[in-house]
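These are the structures, in structure tokens.
Across the two complexes that follow, subunit A remains constant while its partner is subunit B and subsequently subunit C.
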Partner chain A sequence: MKNYLKLVNFEFNRVAKLFVVLLGITLVIQMVGVIVLSKEYLNMANEKIYEDMMTKIEFLENFGKMNFSQIVRSIWFFGPIGLCAAGVGFYIFLIWYRDWVGKNTFIYRLLMLPTTRLNIFYAKITNILILTFGLVAFQLIIMPIEMLVMKGMVPTEFRSDMGLNKIIAVMPELSIIIPRSLIELILYYGAGVLAVAILFTAILMERSFKWKGILVGLLYSAIAVVFMILPLLLQEFVFNGFFYPIELLGIEIVMGVMVLTASVWLSRFLLMKKITV
Partner chain B sequence: MIEVKAVEKKFGRKKILKGVSFTANKGEITCLIGINGVGKTTILNAIMALTPINKGEILIDGKPLDKHSFEKITFIPDAITMLPQMTIAEAMEFMKDFYTCWNQERATELLGFFRLNQSDRISSLSKGNTAKVNLLLGLALDVDYVLMDEPFSGIDMFSREEIANVFTSHLIENRGVIITTHEVGDIEHLIDKVVLLDNGLVTKEFSAEEARENEGKSVIDVMREVYHR
Partner chain C sequence: MKKYWKSIAILVVILLSLGTYYVNAAMSAEHYPEFVIRTLSGDANEIRPLVLDSSYAADTSTRSYTYTSLKINADGSTYNNSSFLDQLIGQPPTLIKSLRKEYPTFMRGKDPFADYFFENKEYLAYADVKYGTLSSRNYKFDIAVLNKKDEKTNSFKVEVPNEKGLENVSVEDVQMVDGVLYLITHNMMRDQEDLHDEKHIYIIDQGNQKISNHEAIIQVPEQQDNLRTDLQFIRTSPTKANDHLFILKTEKKMIEDTESTREEVVGQEVISYNIAMKETEKINVPDLKLDENQLSFADESTIYFMTLDGEELVVTPYSLMDDQVGQAYRIQLSGEDGMAYAYMTTVKAGKLYIVSAQMTPKIGADVIVADAHSGKTLFKGQIALKDASKEKGNFELYMNEMFVD
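Up next is the complex of A and B:
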């Protein structure tokens, strides 16, 4: 356990700079987006009211009040989230390959540590989770600040204030990163952890068997995905909705735990018996 | 004792090791010699479970390698095993964090021995100094066995001398060492046992001292005989 925590800390320090850069980019781009979109709205209001001689009421009837969901729907807001998601996605591969590729032979040291090699797997997957939760937590922190900035720029009569829940209601895609219920949390983040575990296993297969490993890894990933969607397909086409949604969720969770266990077991086997530096 | 028993290893269809067997004792320097591609590095990797073997068995003091073995045996490959962006001090801190057998006193002694500056970043070091850091990180562990892969490869004469001096010092004393090298001349007088490899097999395993005393032959003389060069 102690070695696992040390490895988690070590791995996090390796990615800390990239993490801070992603946080910085998110903050700057989203904040600029809030300012630019608020300004655009105000400029339009000024133009319509002072140049086209529209009354305030007419303007609001025609163009509506500004609300935060307009910002959330813009590229200014979604762009950085997409960038962070792509960054984490890229890092899932980089976190392994950087220890092998090029002049870097750090994998020798990692594999020769006096601890179970599975701790390397756990430490790396934990880091992916830390990055993800860290980015989501940061998003949750900066969103109220961004709302405040918008409130500071757009006068009360021109805006309708929304809470986080309402924003997520009008922007369901956001609930993937900010789940609104425990079930959503288990579903989205459980699926995320599972996907990372499957990918890690596939990467270790490639690292163990090279070209053949890519094929085996792809095959394993495909089997895992089929295994996971099998209950949904059976429910739809064979059982014709026999299970209640909550039962289906239970089945999916059991299937997920089975695939996760298989991935961990396979990864342990590969790290112990098949890996090649 | 390290026992390598009938180890076979294939890379794709090519069989690199065809049943290699030898032993390396504690307190002795065993040198693996063979031409490039004969599988010397593969043997060291296999001993450390860094590559799987197809057949055979490797035992360390009678037991197969497990996670506890890494407090008993270490491997110094021909490339640095630390992150290039780390300073030497950070690399030592990492080792201290993970290995209970890390001996800081010895590490400090080695720093002085190799005239290394612990605030230097590994990426900024010359090839010779990088090799010395690698040696430092391996030798500062209080382990019974040390495996070294080509410690003299591509290193200038003076650095080679410094590294060779390590073998005659107390830093190596009482440990079992397996070393692979092309520069046999540098350490010929220090080797206790020689394992000659050719075509995936051990062609000769002999005591360097016995060859010198009984047959009047140096390690290089025996190599010439075996390899017909």
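Up next is the complex of A and C:
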């Protein structure tokens, strides 16, 4: 356990800089977005009211009030989130391959540590999870601040305020990243961990058998995916909706746990017996 | 400790941030107002068996509505939990929900539409149409009959006979008369270029699991020049046994004005079909004029023809026993500009239930129970906010379906 925690800390320190850069980019771009969009709205209001001689009421009827969800819908807000997602996706591969490249192959030292090699696998997957949750947590912290900035710029009669929960509720895209209930959080991110575990297994296959390993890795991923969607296909085409939805969820969870176990077991085998430096 | 500060910091941030968010989300769980049926006059016991499947939307200034479903009955309102698991389980209509509770095994894989079910003391029957691939258009009835006594299910698939250009089949009603299963469907037939609508009946031989006989009840061309004919079943309780089917045939003429086209009803007749005898009979109701939003309902041996006249619902009972038109009566509804709002109606056990389809802060929603034969109002009430002083702002409440136990 202690060794695992040490490894987690060690891995996190290696990625901390990249992580902070992602946080910084997100904060800056989103904040600029809030200011630009609020300004745009205000300019439009000024133009209509002072130049086109619209009354305030007419303007509000035609153009509506400013609302934070308009900012959330813009590229200013979603761009950085997409960038962070891409960054984490990229790092899923980098977290392994960076150990093999460079002057002194770092993986050699990692594998030589006096601890079970599976801890390396666990530490890396934990780090991906920390990165993801870290970005989500940061987003949750800066959103109220961004709302405050908008409130400071747009006068009360021109904006309609919404709570954080409400904004996330009306944005289906956001509620994938920030699920509305703990159960969903566990299910969504559990599925994420499963996907990362499958990818890690495929990466380890490539590291063990090189070119042939890519093929085996792809095959393994395909089998895992088929295994996961098999209950859904059977339900639709063979059983004609035999299972109630809640039972189907149960079956899917069992399938997920099975695939996860298989991935961990395979990874353990590869790390212990087959991995080459 | 010093070399761990980054990891500890990020973990603390994650836990605090997500923790605060989810605790907040749980605490400030969306607040929904409670609705009650307030008695204006009459006996409040009359609405005991009534359940209204409704949906509520709070007006948000972004013009995006999210509907939450709720049930309203004599005791007040219960919101269906909008949690993820509840959404996953789904919110089937009250009837399907109670059937699922009682017959969980039988109800597996059955589409949640009340029209597909028939229930009496001995049997619970279900029928649906399964499609083959789009290219081969291979329709099959998916039939299941549960014998409640020995708890045995007879389920089978049987091919829909396709004699002449069957384009589409949909099940509209399932009936059982004297132990014989009947499927009543709406079929679309293609005869060269012309489309025909028809109501069709299939008699199912449960023992041999095949269709023993079938025939068209009535067939009309889809459209001819400016004439359009609609066939519509007069509604009955979805699961109730009926030995007669009643079809309202409406002929409409398209009239082209300079700018728009409108439809005018040119002829209307009610056709009664005796399921067991396979006899079609025209029912002669003088001065029948049922408009688009006709709410007619057949119950036991009476058809209640209903039509809106201004703010009043005019109900004409028609007794099938002696082919007599009964005394028409009028029930005052609330409306606007001389037009009644949308309503839904049901007749069960000699009682007529009328419920508004919509409620907003400006539009009140009526709940009326009347004696179906005489029109005497037994209960009159209104759906109201339980605590009106606390609830401000706009909302919309829709009554989607009513269920009388």
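What we mean here is this: the second predicted complex is superposed on the first by the 275 of 277 C-alpha atoms of A that agree within 3 Å, B and C clash if a C-alpha of one lies under 4 Å from a C-alpha of the other, contacts with A are read in each partner's own complex, and residues count from 1 in each chain.
We take it that a residue touches a chain if its C-beta (ideal position, glycine included) is under 8 Å from a C-beta of that chain, and two chains touch if they have at least 3 such contacts.
Predicted, not measured: the structure shown is a model, and the values here were computed from it.
Enquirer: Once the shared chain is lined up, is A:Arg180 touching subunit B (first), subunit C (second), both, or neither of them?
Expert: The second partner, subunit C, only.
Enquirer: Would you check which partner chain A:Lys273 touches, where first means subunit B only, second means subunit C only, and both and neither mean what they say?
Expert: first
Enquirer: Which touches a greater number of subunit A residues, subunit B or subunit C?
Expert: The larger set of subunit A residues in touch belongs to C.
Enquirer: Is A:Thr156 in contact with subunit B, with subunit C, with both, or with neither (first, second, both, neither)?
Expert: In the superposed model, A:Thr156 contacts neither subunit B nor subunit C.
Enquirer: Scan A:Asn62 for contacts with subunit B and subunit C and give back first, second, both or neither.
Expert: Once the two structures are laid over each other on A, A:Asn62 reaches no partner at all.
Enquirer: Who does A:Thr115 touch here: subunit B (first), subunit C (second), both, or neither?
Expert: Only subunit B; A:Thr115 stays clear of subunit C.
Enquirer: Give one of first, second, both or neither to describe whether A:Asn240 is in contact with subunit B, with subunit C, with both, or with none.
Expert: second
Enquirer: Can you list the subunit A residues touching subunit C in their complex?
Expert: 8-9, 12-13, 16, 19, 64-65, 67, 69, 130, 133-134, 136-138, 140-141, 160, 162-166, 169-170, 178-185, 187, 239-246, 249
Enquirer: Touching subunit A in the complex: which residues of subunit C?
Expert: Within the complex, subunit C contacts subunit A at residues 3-4, 6-7, 10-11, 13-14, 16-18, 20-22, 24-25, 28, 30, 60-62, 64, 66, 83-85, 88-90, 108-111, 130, 142.
Enquirer: What residues on subunit A touch subunit B, complex-wise?
Expert: 3, 6, 10, 14, 103-106, 108-109, 111-117, 208, 272-277
Enquirer: Give every residue of subunit B touching subunit A within the complex, in rising order.
Expert: Listed in rising order, the residues are 45, 48-52, 67-71, 74-75, 77, 79-84, 94, 97-100.
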